[in-house]
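After this come two complexes, each holding chain A, first together with chain B and then together with chain C.
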Partner chain A sequence: MATPVSQTTTESPLLSVKNLQTSFFTDKETIRAVDRISFDIHRGETVGIVGESGSGKSVTARSIMGLVDSPGRIVGGSVQFSDVDTVERLAEEYPGQTIDLADIRAEHDPAALIEQLQSREADLSRLNGPGMADRDPVELVREGSVTMGDLVAGGYTDQLGITDEDAYIVRDADDGGFVDITGASEAAYRKIRGRGIAMIFQDPLTSLNPVYTVGNQIKEAIRLHQGLQGDEAHQEAIRLLEAVSIPDAHRRVDEYPHEFSGGMRQRAVIAMALACKPQLLICDEPTTALDVTIQAQILELLMEIQEERDLAIMFITHDMGVIAEIADQVNVMYSGELVEKAPVESVFGAPKHPYTQGLLESIPGRHPDEDRLRTIEGDVPTPNVKPTYCRFAPRCPKAFDACDVVHPVNVDVSEDVDDNHTAACLLYPEDLPESDAVEHHRKRGDGGDDQ
Partner chain B sequence: MSELLQEDDPATNENGPLVEVNGLKTYYDTGGLFGSNPVKAVDGVDFAIDRGETLGLVGESGSGKTTLGRTLVQLESATEGEVLFDGTDVTTLSGSDLKNWRREAQIVFQDPESSLNHRMTIGEIIREPLDVHDWPNFSVAVDDPEDRSVSVSGDGIRADPNESADITVELAGAGPSIAVRDALAMNADSVDVSVSEQSSSVSVSVSVAVSKAQLRRAHVRDLLETVGLREEHYYRYPHQFSGGQRQRVGIARSLALEPEFVVLDEPVSALDVSVQAKILNLLEDLQSEFGLTYLFIAHDLSVVRHICDRVAVMYLGHIMEIGETEELFQNPENPYTYSLLSAIPEPDPTADRERVTLRGTPPSPRDPPSGCPFSTRCPVKIRPEAFRDVDEHTWESVETLREILRERENREMGVRDHAKALLGLETGFEDFVDVAEEVFTRNGSLEAEGVATEGLDDSARIERALDDIDPVAREPLKETIELVLADKESRAHELLVETFESDCGEQSPEHHSVSDSGRTSYCHRHRSEFDDTAVAFDDLLSSAE
Partner chain C sequence: MSAVFLILRAGPLDPVAAILGQKQDPVMAHQIRLQLGIIRPDGSPVPLWEQYLEFMHGLITLNFGQSWVISRGTPVMDLIVARAPVTIWLGFWSVMIALLIGIPLGFYAGLNPNTSSDYLASFGGIVWRAMPNFWLAIILSSVLVSSQFFTESLFGVALSWREWLWDTGVIGGPPLDNLADPEQLFAAIKWIMPAAIVLGSSSMGNEMRIGRTAVLETINSNYVETARAKGLSGRIIVWKHVFRNALIPLVPIISGEAFLLVGGSVLVELVFGINGLGKLTFDAINSADLTMAGGILFIFAVFLQVMNIIQDFLYTLIDPRIGYEQS
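Up next, the complex of A and B:
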């Protein structure tokens, strides 16, 4: 909660996930572990992702990091990472896969391109942001709310044959451009991981090598990502251990992971991540294995580091208490889909999706006067078919007939204009009568792209 | 609940607690060649659990809560002290007595993944305790109006008068009337009883037409239903179940022998919140259905608050505070309880409260601090008279320095370190000026405070770093650092302890009674000459602003 969100939302996001879809292909079935989700992370902001086990939280993180193992694969969507430093580094390394926006602007007019697209009857819905659903794209271009950058990002220039489909690095002198991480090769991924995006995992022991000292492992990261050697690297390692509040870092730097306590190991892993100087830190349940007192220390540390370095954090957890503590924005996932997205105060104060409501209700202590805990009936289903219905409907106390035949899309449910609160449920938009609301979802659902 | 239980077995002593623990200690690694330094996992605890009650046991990992739970069901043997179960000291039981008693006290483990055998079906898993204990034993109670001596032969054995019998034979009237306990899936027709009566004795011969295997299978099916699973799950394997379902299997297994007392060792810690809610509801249902007594071990305090009647807070093998749940949560008296509660993240982003974050991790139970176990981390430790008014930064620096010296003293030296020490090569303290600088300055180093360190020698750097420290404490701290630099580290540690120690680190506190409901807290602060915990924390939080 360190940063007021309203300040950051005006600038373009650091990471923008659009329609990301990751599936696992087995002989028996195809599991759509992450099914067309979209969200943004801004600098200095913490975005929490919550959901039960099996909801796709970790696969989302691994997709962003390029760590999805076979038989899993990213099958659609894009993850745009707009860090200038990363874009420049990659553009230098892979000029053949780089698009320079300045060149395209010089040669083409966006309005003309749109007309061309319209004549081919291409689907332009991806261009229409919130609130522009029924506007004419050409008009939007004239107004300036759709730019050449949007056309490139949306893959329209690929369709027209202006840009190469394999090109995933977009350079833009005006706002820095972006890298679509999903297009990167393994070698390119290695350049993004660490210095661009770093990740810490639930169990620190899996990230630490037991046969090397902690200092050694931090120094390796320093050598690779900052190019420091010898004593310089050693001093930097000590400095980093001090930065993550490990007392007596001079001695600790020469100790092995087994000599560290659980909380201290997680601090060491955070120090390793910081050694890479990342822009975005993905934390996959970093405190789940720790005691509350140690958890409080780690959360405090993360918030401090974030403030110091203007770090963007994506925080995955199933603990609603932790989310309330650390997140600015919350994404609620259910069975591979993003069902609700809102600032943290709105999620807890006015949850809209019945799943979010159920999740909050089942926390012990919400209704101190009630003897029994409220529960959500049933279990999370495996997302193995294309959703033509609401995946939560079988467990939903508010389900009605249409829930079995119409797939809900994310609609705006903000109570406050700046809230940007969306929920994927046929009950919304609330101001429409039920049948109209259902029709709204049906129409928007049909328009969506699919793989 | 306890009423129900008393109806069931009228012979037990109704009024006393079910479990009573006195001076219990469980140490690991005792004995051995050099074994003078055991791990003191449980280091002297006293408490009681009433019938039908749920006692919560909370604490950080390493506090000894699991060891305590395991000792209560005799999975670990106690080093000292007694565990009275229904008035019998179970730590002294052995052989068949112990085996018989084990029916009464069962345990549910944290991780359903590792506590279920992957090669057995669910049915086999739940049935195993029944096979081991040869359930049912067809205990026969003979209700004889003339009170003659009774002997039982055939399939049955004579029931222990303290337990409810499987088969009850009533001799009044014409011919014996037979009743079978509900838990057995057979009716009275399957039991054939022949009675021969003499004037002073009765001998009863029982034959049962149903096989024990049949009864066990039926019992397992009943249990599956009781815990919310289905009969057809009998033949499935653990991997075919979700985490919540597996935990249900673990619960069914623990209930198979109809225990009175169940230790629940973090039964919901590995589960999602929505699944957790279902298991907690189930546990409460089972408790009221069977009149169970629970010891609920957990580190999630909101779960404990929901399910427990009373809570015991453990730290380093000691019970720091024990009392009624709501009272303890609303008004914690022990500084450790206070800090622990303060660390729980609240699922409400608008909640704005002062938080106390504890420094460091609990000390090793092999080498606990002298005096109060919490004294090394206590945010409101009682300070010696002379330093009562120094600022927070000074006190924090002193505590950090003590912790560093303590840890360095206790660290395990490898062969290399020993060799180095012998050769006088390196003591590990040559960089201590840096450490002192980090500890004493407010910003972590002189550089960060804008002081040019170029050309400053060690003593000048220390002098400069001590500028941030309250003048009262400067002299002893400077002396300590000098001793460390002169390689007299244990003398340095001693000096620090002598100067800055209070009762907290010197004497063990007492279990002070802190409320009318029998709550006790293990802390020096309850002595009349000191401020209360709440007052001390208020002072601490207001000075931090």
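Up next, the complex of A and C:
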């Protein structure tokens, strides 16, 4: 999509999700559970994903982990994971599917490549926004808005036959390169899971195998990802349990999950995820099944661990209170789409999308003088057709006629320059009159790959 | 056992008539009744409660008395000991067949759900499950007896089951006195196979279906998902995380087979002409050998109890959530 060029950090993101699309294919219909969403996660950052049940949060997480089960399938987009260690490990294992940027730079000139693409009238909007087709390639390259890395990442080198379509590992001596996880085979995925990206699930009561001791399950991850054996692994497991504040860890390590309380089990699950030494931790509603005091402890624990290890966390929840506590950056999902994306302060201080506003209004206690809790009327629709309208319109208090015929795209709604705040709603950009704003969305919506 | 006693003794079975057969000689009948201890010397019948006390006392002291009809005068225990080995041999192999074919097939189907091989295995399981023992036994024995005709018309080579690999009979039980000799051992296994397949068939189908469901249930559980998220390989996940959990629901099914085996062995042994406990039970009841029948039923009852206890112990081995010590 047309990513706003203003980037809060100059550092490249650890995980970059671009136009990810995951669909479930049934006999009756195709459900677009995740429908072309894009977002970034940086090192040490917590990115919250909020939305009602059925808005596609968990499918997003599973898509990143490669755990989407049949009949679901990732049908488009990319998930670029830029962890140097992971890139090197995979490049070593699968040299045939690795692209070395240095080699390509030595052989080809990016400007010439862009020219070739322009002459083929290829769709260049994936590069850095629309309007690329008319510009002078040499100038683009000189001003740095298009690099060889962009050409490779956008799949243009595949189009030109320079790189292999199956290649998904990009090595780059300058900034480490990335792995496009969506292209990885199951065997390669196993190398990324755990050590690159670990995940903890919603229900700690069933996340541990009841017939093996907690220590056994943690050691399994230690042996696999840290290469420790025997007593060393055992000591490491105890150390990890202590790190997640389980008292009496040397005794607890030999106990079975049923001997742990709910909160302790979630701690054990976190310890197991940490045993993999991940760069990114995906938490799929890790506190939903726990009571409030335990919930607070677990959140605190996660924040401590994040600080210690410079861990990136993707935190999925439907609880706005939890998001306020833990997230730096918030992505609001609705019916498979990202409808608002902003730093946490902006989401709570100046929510733009009517859906976000509705979510915030629904937090109990916001309107203490009212008898009834506020809700958003209706349910999340099943996203089973390509959207040509706003999926939230039927429930939106601010909907107008155009909402039924124009699909809104993410537009910049930042109040601050650094905010990087976007919302997908026809009400924005606010400075344009309504009809112009709608026209703006219609035009960008037609631009093909746009979100 | 009290119920067994009542059913046997208060029922319509008349051991005296069975012993005497056609010639109804009142003097002999009187003598036999006296011998069996169901009338007093003065001709008045021994009351049922006295017979009951004697019967129960015998069970507790493991003294089942002597056979009344089948082999008059031989202690019941001797007969049981003589007939038990071939039944144990049959039972062992039918359990083995069910375990070694049923469970792997079920697990395979569960790991590859909704594929054509799954459908084939599931369909086969249901068919096996549905086939009645006695019918399958008759069909199988008649096919094997005339095996050379079938193989000749199908493959052009006459292959007699009797002579194939080892010389055995189709019906009857194998001699079990020299199993240390491999030749004899394999012959004995081959000999018992048809009967064991018939006896194991229904439990095999059962285990297959339960195994498939158990694997499917386990594989969709959260801990398997967590294990996948850890980056474990599919092989470790299946062998370590799936199998042990899938075995838990199978334990009662397997031990429940004991019941099937006891009931089934009566039919199968009869059809295959194996001289084992099952056939002995059938004969004892048929010929109103009340002490014999009582003794065998007692052994069966003890056997089932033992199976139940073993089942409970197996649970504690497989599932750590079940334990005997208070914690």
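The rule is short, and it goes like this: the second predicted complex is superposed on the first by the 430 of 451 C-alpha atoms of A that agree within 3 Å, B and C clash if a C-alpha of one lies under 4 Å from a C-alpha of the other, contacts with A are read in each partner's own complex, and residues count from 1 in each chain.
Rule of thumb we're sticking to: contacts are C-beta pairs under 8 Å (C-beta built on N, C-alpha and C of every residue); 3 or more make two chains touch, one makes a residue touch a chain.
Computed from a predicted model, the values in this text were never measured in an experiment.
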{"item": "Partner chain in contact with A:L311 - chain B first, chain C second, else both or neither", "value": "neither"}
{"item": "Touching partner for A:L101 - first (chain B), second (chain C), both, neither", "value": "neither"}
{"item": "Per-residue touch tally on chain A - higher for chain B or for chain C", "value": "B"}
{"item": "Which superposed partner A:R193 touches (first chain B, second chain C, both, neither)", "value": "second"}
{"item": "Touched partner set for A:V17, first chain B, second chain C, both or neither", "value": "neither"}
{"item": "Residues of chain A touching chain C in the complex", "value": "65, 67, 186, 190-195, 198-201, 203, 206-213, 220-221, 224-225, 256, 258-259, 269, 272-273, 276"}
{"item": "Parts of chain A lying in touch with chain B, wherever the complex brings them together", "value": "1, 52-53, 242, 247-251, 261-264, 291-297, 299-300, 318-325, 327, 344-345, 348-349, 358-360, 362-366, 371-376, 379"}
{"item": "Touching residues on chain B, where the partner in the complex is chain A", "value": "60-61, 242-244, 272-278, 280-281, 284, 299, 301-303, 305-307, 339-340, 342-351, 355, 357-358, 360-361, 400, 403-404, 407-408, 411, 428, 431, 434-435, 438, 444"}
{"item": "Partner chain A, residues of chain C touching it in the complex", "value": "221-234, 236, 240-241, 244-245, 248, 318-321, 327"}
